[in-house]
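So, here come the structures, one by one.
In the two complexes below, subunit A is the common chain; its partner is subunit B in one and subunit C in the other.
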Partner chain A sequence: MAETFLRRRGPELFGAATLIASALVFEALIRGGVVNRYIIPPPSDILLAFERVIVEENILTRCRDTAFEMIIAGGASVLVGVPIGVLLYRSALWRRAMEDWIGALAAAPIVLAFPLFLVLFGRSPKTIIVMGFVHGLAPIILKTVEGLASTRTVLINVGRSLKMTQSQMFWKILLPSAMPIIFTGIRLSWTFVLITIVGIEYLINLGGVGQLINELAERYDLPGTYAGICFVILVSVLFFLALERVESWLQPGR
Partner chain B sequence: MSISEKPPLAQEPALVVDDVVKRFGRGTEIVTAVDHVSFSVQQGEFVSVIGPSGCGKSTLFNIIGGLLSEYEGAVKIGEERISAPHPAVGMVFQEESTFPWRTVIDNVAFPLELQGVAKSERMDRAHHFIDMVGLASFEKAFPSQLSGGMKQRVSIARTLVSQPKILLMDEPFAALDEQTRLLLGDKITQIQQELNQTTLLITHNLTEAVQLSDRIVVMTYRPGQVKRIVDINLPRPRTSDVVGSDAFGHYVAEIWNDLREEASRGMADSESAASRRAAHG
Partner chain C sequence: MAAAGSLTSSSIAATPRNVLALRLAVAVFVLCVWEGLSRSGLFYGEVIPSLLAIFASMGKLLIDPIFWRNLQVTMVETVASLAIGAGFGITVGIVLGANRFLMRAFEPVVYYLSPTPRIILFPVMIMWFGVGPASKIALGALSAFFAIALSTAAGMRQIDPILIRVGRSFRANVWQMAFKIYLPAMRVPILNGIRLGMGTAIITVLLGETKLSNQGLGYMIMQVYTRFDMPGLYALLMLVFILAGAVNALIGHSARD
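Take a look at the complex of A and B:
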């Protein structure tokens, strides 16, 4: 029993143990004066700050706001990115014309263009969402094209031999075959989206957790700031768990 | 084929391959994969094409299946020259071709799903063919949980399920062990006879070809030409027991004689792993 429990939960236990161990190491380093406590507060202080940021700073509401922006921006980049990827896959000309640009878009530090977006969309959640969306788009487009293009020829031949229509071919062979790679794209994309959203909240001092972290930092409430960062990680973890669920539901047996 | 056993109708052959040529590449790099190949398959007849690796068998298979539309000569089903997949033709591919995102039963039921067959009926029919290829207890498994030979049997069942009038198979048993190959061969013969299915089997396996066929088309190694067409006058109904008979051994020896020459040319031509496979066959 104990053995199978370990085998099943082993990785998680190991992860948690690593986390606790590194927290303890930092605690020791900071208390020992090796690391300056005004740069990194001791983990125990951060832990104690959790209650404060929840009760006094209402961080859960902030998380909700950030998560909301994340859902809109992340969802939109999937809903727009996948179809664009499909179009690029269909047209060799467009693909050759666009692929490098999109690659450049993926690598560009879009966050720095925030003044432009502020002018376009005002100092509102719209700016945050649009920037998150734009940053999340490129990986999904690129991975959709890659996924569709890597469909094995023999599977396409099976479809052809069954006289499948273009749309049957797409929905029943190309898309399911591309799914794992598209999901890799979504995972990459959502990482970009969350970084952008929290970063812009911080930069323009508006909205969810990012703004709160900004405020706490300006108050020199370092334990609070780090506690805030922990909540960003929490939001991210929740999104990725949800994504994993969707993935295994959409494609069992992979 | 012995004429006396079949009704001596002056009927049109179900499938005609007429002087087919296929070249790949251009300029000095031209490879002639299929070189003036002609033969025909009668309705209900089982014909095998046998030849060493790289002699153009899969190319011919793709042309007959309508997947390679640019070729010289003509492949005809009825009056129609084939340049696109024909609805009467079912194909089993040489490469592994199951859908990894579908369970075994959903893989097999796939063609029926496309035809809009009601769910309960398509499950019944899929079940029947899965049973036939001996995978009954794996219906809910995904291909990733199966061995190579099992996956190949799923593909065979998936093609059989829509009961095509003309069945094309490209080395469908290559990934199977000898025992499974013989037994599955029996099953295929059985439905082929029941449905009076016209069957063209591409293979490099001599035993398999003699066990199953009414006629065998022996191909030369590059360029792929017809070397000889051999009638197999072994009695039907025929099971894998025939493998032990003298007549069987006679045919195998006779065809091996032709094939050996070609296979050795193939071997000499390339040291590839593919050539080694042909020498086994």
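Take a look at the complex of A and C:
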């Protein structure tokens, strides 16, 4: 039984063991004075700092603030992006004219325009939310168009043979069929939104977890800074895992 | 797809001419709305400057040696970060793509770390590499690494086994296999990875410059913002967007050829 488990999970265990071994090697090198502890704190200090960061720095409250901004920006991206995608799908001319521009918007370094947004919306969560929203819009529009355009012909023919109205066709055939691809767009979009929100929080020193990392770094609290960064990475990974789970649940055949 | 397309309700055909006309119409409409808002007095000061002022600022920027010097700094940092990120990324990608055991052991780590907000690592990079260009290069390299490593690993796994067998049947040595079989077969995924990596490297380098620097386009953006020179800020951002888009399109084009 244990042998089967080891054979099946061997590579993953090896990966985890390598990471732990690397941490131990760093611990030894730092404690031995080979690596300067004022540049890289010992991993044990970082682990101990987790409690301080959670209790004293209120990281959970800050996570709540970031999550609030995420929900507003991500939700607005969906509420605006999906209808725009539907409208573009309905007009071949508009779709062909606008798809490249929306693709360019998705690739543009919008986050760099934060000084402009600061002028327009002030140094407030509004700026962070609007930037997250703008950055998250393009993937949803593009994936909504792609999802609706890839609806199987047989499904549309079934709808027509049942003499469905345009509205019934949309709600009963097109939208359910496009849902998995639209969700891929939502996953991409929310990834962009999260990166933008945490990044802007850090850059303008305002809001949730991004601001905390900036504050800890400015206080030169090294174990705290590293613990904060590890915490944000952990939360991000859990967030992406959850989104992936929902996505694979929506696409059981893939 | 074709049948799905028949559900669209467009009365005008999507011919290239109509598409071009619509794009021009949209561009003219947006510019007119912008100019109208700028002249309306609804916004404080020069929050929405006139198009004339923005283009005048752009012209001034293009003949300003300070702009070119800062552009040069950003370009050097981006190219250096891309070179380092690509070097490590391609190596790690080949190792992960070639070995199933290592792929299962380490690829999930690379995969799940890749979409995390990397700018938060900037304080660490400053501690390791100082406040100069090295910290921006390191952060840019780290950003580029993940996209390139994942793309290379995926490309490595997609190589046609027949090509590998042909190489072996010719008794090609390791170097010949690498340079005659593997790398040419992986050109497109590697270039795509570099394109993605470059996009993130440019953004990260520029963001690093906005946070803590005394040179580069990111620093220049903060200087213009501090002076509340709105036409200058719009002009500079437009130039950065155009440059980033042009480089992105250039690499994308070479990946398609």
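To be clear about the criterion, the second predicted complex is superposed on the first by the 187 of 254 C-alpha atoms of A that agree within 3 Å, B and C clash if a C-alpha of one lies under 4 Å from a C-alpha of the other, contacts with A are read in each partner's own complex, and residues count from 1 in each chain.
Throughout what follows, a residue touches a chain if its C-beta (ideal position, glycine included) is under 8 Å from a C-beta of that chain, and two chains touch if they have at least 3 such contacts.
Just so we're clear, the structure is a prediction, and the values are computed from it rather than from any experiment.
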{"item": "Subunit B versus subunit C as contact partner of A:Ile102, first or second or both or neither", "value": "neither"}
{"item": "Partner chain(s) touched by A:Gln168 [first = subunit B, second = subunit C, both, neither]", "value": "first"}
{"item": "Partner chain in contact with A:Met179 - subunit B first, subunit C second, else both or neither", "value": "first"}
{"item": "Subunit B versus subunit C as contact partner of A:Ile233, first or second or both or neither", "value": "second"}
{"item": "Partner chain in contact with A:Val130 - subunit B first, subunit C second, else both or neither", "value": "neither"}
{"item": "Partner, of subunit C and subunit B, that touches more residues belonging to subunit A", "value": "C"}
{"item": "Contacts of A:Asn157 with subunit B and subunit C, given as first, second, both or neither", "value": "both"}
{"item": "Footprint overlap on subunit A, comparing subunit B with subunit C", "value": "157"}
{"item": "For the subunit B and subunit A complex, residues of the former touching the latter", "value": "62, 65-67, 85, 87, 89-91, 93, 95-97, 99-103, 110-111, 114, 142-145"}
{"item": "Subunit C-facing residues of subunit A, complex", "value": "10-12, 14-15, 18-19, 39-40, 89-98, 101, 104, 107-109, 111-116, 118-120, 148-151, 153, 156-157, 169, 174, 191, 194-195, 198-199, 202-203, 210, 213-214, 216-217, 222, 225-226, 229, 232-233, 236-237, 240-241"}
{"item": "Contact set on subunit C toward subunit A in their complex", "value": "1-10, 12-14, 18-19, 22-23, 26, 47, 100-106, 108-109, 112-113, 115-117, 119-124, 126-128, 199, 202-203, 206-207, 210-211, 218, 221-222, 224-225, 228, 230, 233-234, 237, 240-241, 244-245, 248"}
{"item": "Of subunit A, residues touching subunit B in the complex", "value": "152, 154-155, 157-158, 160-164, 168, 172-173, 176-177, 179, 251-254"}
